[in-house]
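Paired with chain B in one complex and with chain C in the other, chain A is shared by the two complexes that follow.
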Partner chain A sequence: MRHPTKTCLAAAIAAASFGLSQAHADEIVIGASLPLSGPLAGFGSFQQWGYKRAVDEVNKAGGISVGGKKEMVKLIIRDDKTDPNATAANTETLISRDHVVAMLGSCTPALVNAGALVAERAKKPLVTGCDPLEAFKSVRKWKWVWDIFFDEPDLASVELKAVADLGAKTNMKIALWHDNGPDGQVVGGQIWPNVAKQFGYEVVQNAEFPVDNTQFTSIIGEAKSKEAEVVLVDAITPQAVAIRKQMAASGYTPKVLNIEKGAEPVQFAEALGKLADGVLVGGYWDPSFPYPGAADLAKAFESETKLSSSQHIADSYAAAQVLLDGIAAAGSTDPEKINAALAKTDKTYVVGPVKFDENHTAKLPVVSLQWQGGKTVVVWPKSAKTGDLLFPVP
Partner chain B sequence: MPDIGVALSTIASGVLLGGILALTALGLSIVLGVMRLVNLAHGEFLVLGAYAGLFFLQFTGVDPLLGLPVIALLLAAFAIPLYRWLLQPLADRGPEAQMMTMFAVSIILQNLFVLAFSADTRSIARDYAALPLTLGPITVPLIYLIGFAISVIAILIVNWVVSSTAFGRDLRASAADAEAAATMGVDVKSVRMLTFALGVACAGMGGALIGAAFQFGPSSGGAYLLNSLAVVVLGGLGNVLGTLAGGLVLGALQSLGGLTLGDGYRDLVGMALFLAVLAFRPDGFLARGRP
Partner chain C sequence: MIGKAAAGGVVETAVILIVAAALWFAPAFAGDYWLQIGFRALIYLSLAEGWNLMAGSAGLVSLGASCFVGLGAYVVFGLLNKLDMPPPLALALAAAAGGALAAFVSPALFRLRGLYFTVGTLALAELLRLTMINVSLFGGATGIFLAQDPPDLPALFHCALVVAFLASLAITFCARTRASVILRAVRDDEDAAAQMGVRPFRVKLAAFALASAISAMAGGVQAIKLGAIEPYGIFGLQWSIDVLSMAIIGGVGLRLGPLVGVIFVIALGELLADYPEAHVAIAGVILIVLIRFAPRGVVGLVAYQKLASRRPATA
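Take a look at the complex of A and B:
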């Protein structure tokens, strides 16, 4: 006969497991897999804040009306450790164990697309930011996944447009360095060479490196010897920090230095101190933007966390609001109805107007940001600028 | 064909960087040579040293490179209870038990780093870490030269301890034949504990150097563990001066790989060399015997 204590224990564990895996009948469960650790954790922490804030606001307002009854929203976040395999596994878990009705995306094409493909297969709506649109569209024709972010050609040309428009003079020799990730190959391998030629630059170097590379001395040495005065880099934050440090230690300071992706989070400037000054990065959001709640969002983040805000709080907050509005408009937790409601999104959010096109994408306008004294300022376009261009790089 | 100045600068940087790699690998080599333990948490001890350097600077205002002895002592103090409570009880259970324990420690440390320090990329920001040193056509990062000098001094001190002190004699005896050493009155348990502490202390110093020269985060340890393994295999297990030579060779060859194939192929060159040495000279290209 089975020992009664063991039986009770087994029953308790079973009950606890059941409780963990079952949503309450009176709550709407949504979920997200985010890079809360690993190289992209700098993005994940901001996204987590944005997602949670949107959900908290809805819950404070009484929840969402489903079938005529107000229900609270429960957000489940799982850490994907910056590993696309973990993103896919987390998304499976969110669907099969957590019984989410819809999901929010991770960050960067490698992670977002890995989870999005699972959502697509399971026919669960997923709204994401942090996935450049060309990389998103290149995967497949999406039916269940929606992306609110910038378009790579816009981002790839913004800094050269800014430099030309602001009259910053260089010798027109440009070096392009990019990682071999999906967006690195699109931006650095395909778009930048064409854009550079359009603006009259001579491309003296186009170097590709693995996403986890740590040594850049040869690449830097070559650009220095070829006298490139403009350098465009596409790399994640650890590599961006390494590159900037190694450039300085090699005695190479181009007049214009643009680092996409990696120079976005504030940890870039924190790790580099004064070396971050003058680095340009394409941006899709700033608290100064004339959209409802933009300034308040940054203030709320900074007062809650005592950290400097990042544009990633805005696209994540907006993506969550779009999803929650979609559920509210559907008035149902039925995935098909939510998806149909998402398709009709047409509203101005904290990132600007959001209306999805036939590719399930909503494009955000891009500005040129520059790190100055540990903070980013908008230096272009002139209509949106909050500071003057620091030129050349100090 | 790369510019001659670029080529010379890259190779010189590689050799200097190799010196730093040697210090990062020294702890792994000593522990492997004496305890036959592949310390899979070695990379996390490096990262711990980098965090120790960062916070040492923040709290004391003293340059972490000046504080290296303090960082080494802190890491050694951290290592002793770890050995006493986790590794010593497993000493008679074969090498796998201790190795898997250290694998678990590496995962736990990574997660503790995230919890305690966040997953942010960090760097020890010092002005000298961003200064170039130019000699004719050759330009190298000043921090590489400083790191190289510190590494060589630290390695020579450790070599002196291993080859010329009573502890070193016990260490070498325990490495050669632990049973015979115990029969001759050597306290093998204590020797192993102190060896582990010495290994972790060396990792801590290497980590602080890495933190000043490069960037680091909670999950940076894995890449440094791989490089350290290559250096150890090149130099020979437990061979202190061999580790320095292994680091220099790895640094030089990685830089040649970067120069000819591109910076993305540095690790490929290093790992190919690692496999070649394992296949043809498994005791290392310098090793004639263990300490």
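Take a look at the complex of A and C:
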């Protein structure tokens, strides 16, 4: 009995060892560490699809010309298990073992920062989406890392702008609920109170809670007692679902309900059914956007995966395209030349125009989305709208 | 018996010294990849040595490694950012902070025994994590960034090597001196040991404080390498789970257990890293098979097989 055990173990390890990746000399190797397991696995799967699609398209077109010779692109993806320590370790391994020439980022500030700091020290270019720009800029003055995403102040103000512009009447009493995560503190703790005052609202409640909080009845009860007709929430998806359910259980339905971050993925609407209807969420991409390939990207994702598309397929696809274009423009796998080419990026991608500023950020325009019948529709700005605002929340 | 153990301790110390001296020159010939792997292995070895001392020798099964890793990280960042202190001094103070926290909480924790102690350490880790998240002085959920650029990889490797070296020496002292007998007496029957004149509280405190100091120092080195820490990652339960699984896979209470466990888990992780969709499942199956057929760990299995192969000759 002991011998078969040892044999099994040896076979398993030997089998695994065959997987050790060996880059060919005529390949351009890029890599990414993504949250494919753990709490952010939902985001990671969308990003993985976006990155792979961009690389596949380039390879189908014959690869990238480097030194006058066309070379295929190899994308190595590692799972960071939603752990910043693992992101850093993966990024180190991508650089030191797999000899990547450049990298793509993970998702959320904590994970992106962990990998980006390693890339910065190793002087390897890294292009990322999925990291709000203020959080990205607050880390350091970047030299090798580039971020394409929305700016928190834009996202934080979009819903109140939409409500004002669309003429939705409320008693102007607003409640702000936000988690104490990096963007929760920025959006809910700093930006929302100021924006609310600018729009003439009376802030009757500003409640902060831990990111993994599960009990919201006291916060809901306070907002209800203070008759807030507008509620802005910043929370991740499990908490966003819990908040909406507990609001319904408490018999509290404000006229305007905006849930940033957590209401973004389709899992939010799937978990809530009709309760999701009327919930507003800021968005930076929709298949209806008039950018090249936007509609086709969503169709391709849905036909390949049989899942509803997410904004994250667009920012990850665009980030990969930007990096691949940078390598092509550099005509070299030299990290310095690729980095210099990235700095000159000025092109319209599936998410819109991308041009990096002095902080290495490219800002995506934001719109107001609303869940209606299990799907999001763009309700503001009027120039981009695909449906009318459902008001008040049913 | 003790005399023989002490002689073994001298040999063991010599071996540790020689290996550490040899590894000191690793940056001269090893590539970056092997230095990265080596760094990770040395950090985990330090943590697993401390855990093995507590669980294997003193019977204190802890799920609180993350608590002291995180504490060390925050202390080191605070000292480097606010006081611009030299890293070695900051690491020494982080170790002192780890030991001091262990001493501070031990009167409450040692009232709990067995599984209750384990849950108590888990609660301590969670308490510290939530404190860091909710107190803006410590950077809140955003965490803290290292103001200065971290040292280069060879220097970080040397830091990790020194921590692992100190940890191994300390554990060798505990395993090869009279302390070993006292620790095992407390582990096997605390009340009986007390009847024999051993003071269980002091013995457990010594093991707990030593392991905590080691963990805090290792956490400090890891934090310097990361350059940025936030409470969800640096106080993450994953640290405790990793350390526990490494010690169990290698062999709890066995001198070589942590080393073998660390090598096994890191090698497995690297070999399966190219299968991001399947690696968690494959690693899980391999670990289940290993634990099922080698309940005393890899070192225990090898030792048992050696013993079994000698049996016919001695019969």
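One rule holds for everything that comes next: the second predicted complex is superposed on the first by the 373 of 394 C-alpha atoms of A that agree within 3 Å, B and C clash if a C-alpha of one lies under 4 Å from a C-alpha of the other, contacts with A are read in each partner's own complex, and residues count from 1 in each chain.
The rule is simple: contacts are C-beta pairs under 8 Å (C-beta built on N, C-alpha and C of every residue); 3 or more make two chains touch, one makes a residue touch a chain.
Keep in mind the model is a prediction, meaning the values are calculated, not measured.
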Who does A:F216 touch here: chain B (first), chain C (second), both, or neither?
first
Pick one for A:N180: touches chain B only (first), chain C only (second), both, or neither.
both
Would you check which partner chain A:S250 touches, where first means chain B only, second means chain C only, and both and neither mean what they say?
first
In the overlaid three-chain picture, which partner chain does A:A295 touch, first (chain B) or second (chain C), both, or neither?
neither
Going by the contact rule set out at the top, does A:M72 touch chain B (first), chain C (second), both, or neither?
neither
One more residue to check, A:A168. First (chain B), second (chain C), both or neither?
neither
A:L34 in the overlay: touching chain B, chain C, both, or neither? Say first, second, both or neither.
second
Just to be sure I follow: which residues of chain A are touched by chain B in one complex and then by chain C in the other one?
36-37, 81, 180, 210
Along chain A, where are the residues that touch chain B in the complex?
36-39, 41-42, 44-45, 81, 180, 207-210, 212-219, 221-222, 224-225, 237-238, 241-242, 245-246, 248-251, 265, 267-268, 270-273, 275
Along chain A, where are the residues that touch chain C in the complex?
1-2, 5, 8-9, 12-13, 16-17, 19-21, 34, 36-37, 76-79, 81, 83-86, 88-90, 92-93, 95-97, 109-110, 113-114, 117, 121, 135, 138-140, 179-182, 184-185, 210-211
Touching residues of chain C toward chain A in the complex: what are they?
31-33, 35-36, 40, 130, 133-134, 140-143, 145, 149-150, 222, 225-228, 230, 232-234, 236, 238-239, 267-268, 270-277, 279-280, 282, 285-286, 289-290, 293-294, 301, 305
In the complex of these two chains, what residues of chain B are touching chain A?
2-3, 5-6, 9-10, 13-14, 17, 110-111, 114, 118-123, 125, 129-132, 134, 139, 141-144, 213-215, 217-220, 223, 254-255, 258-259, 262-264, 266
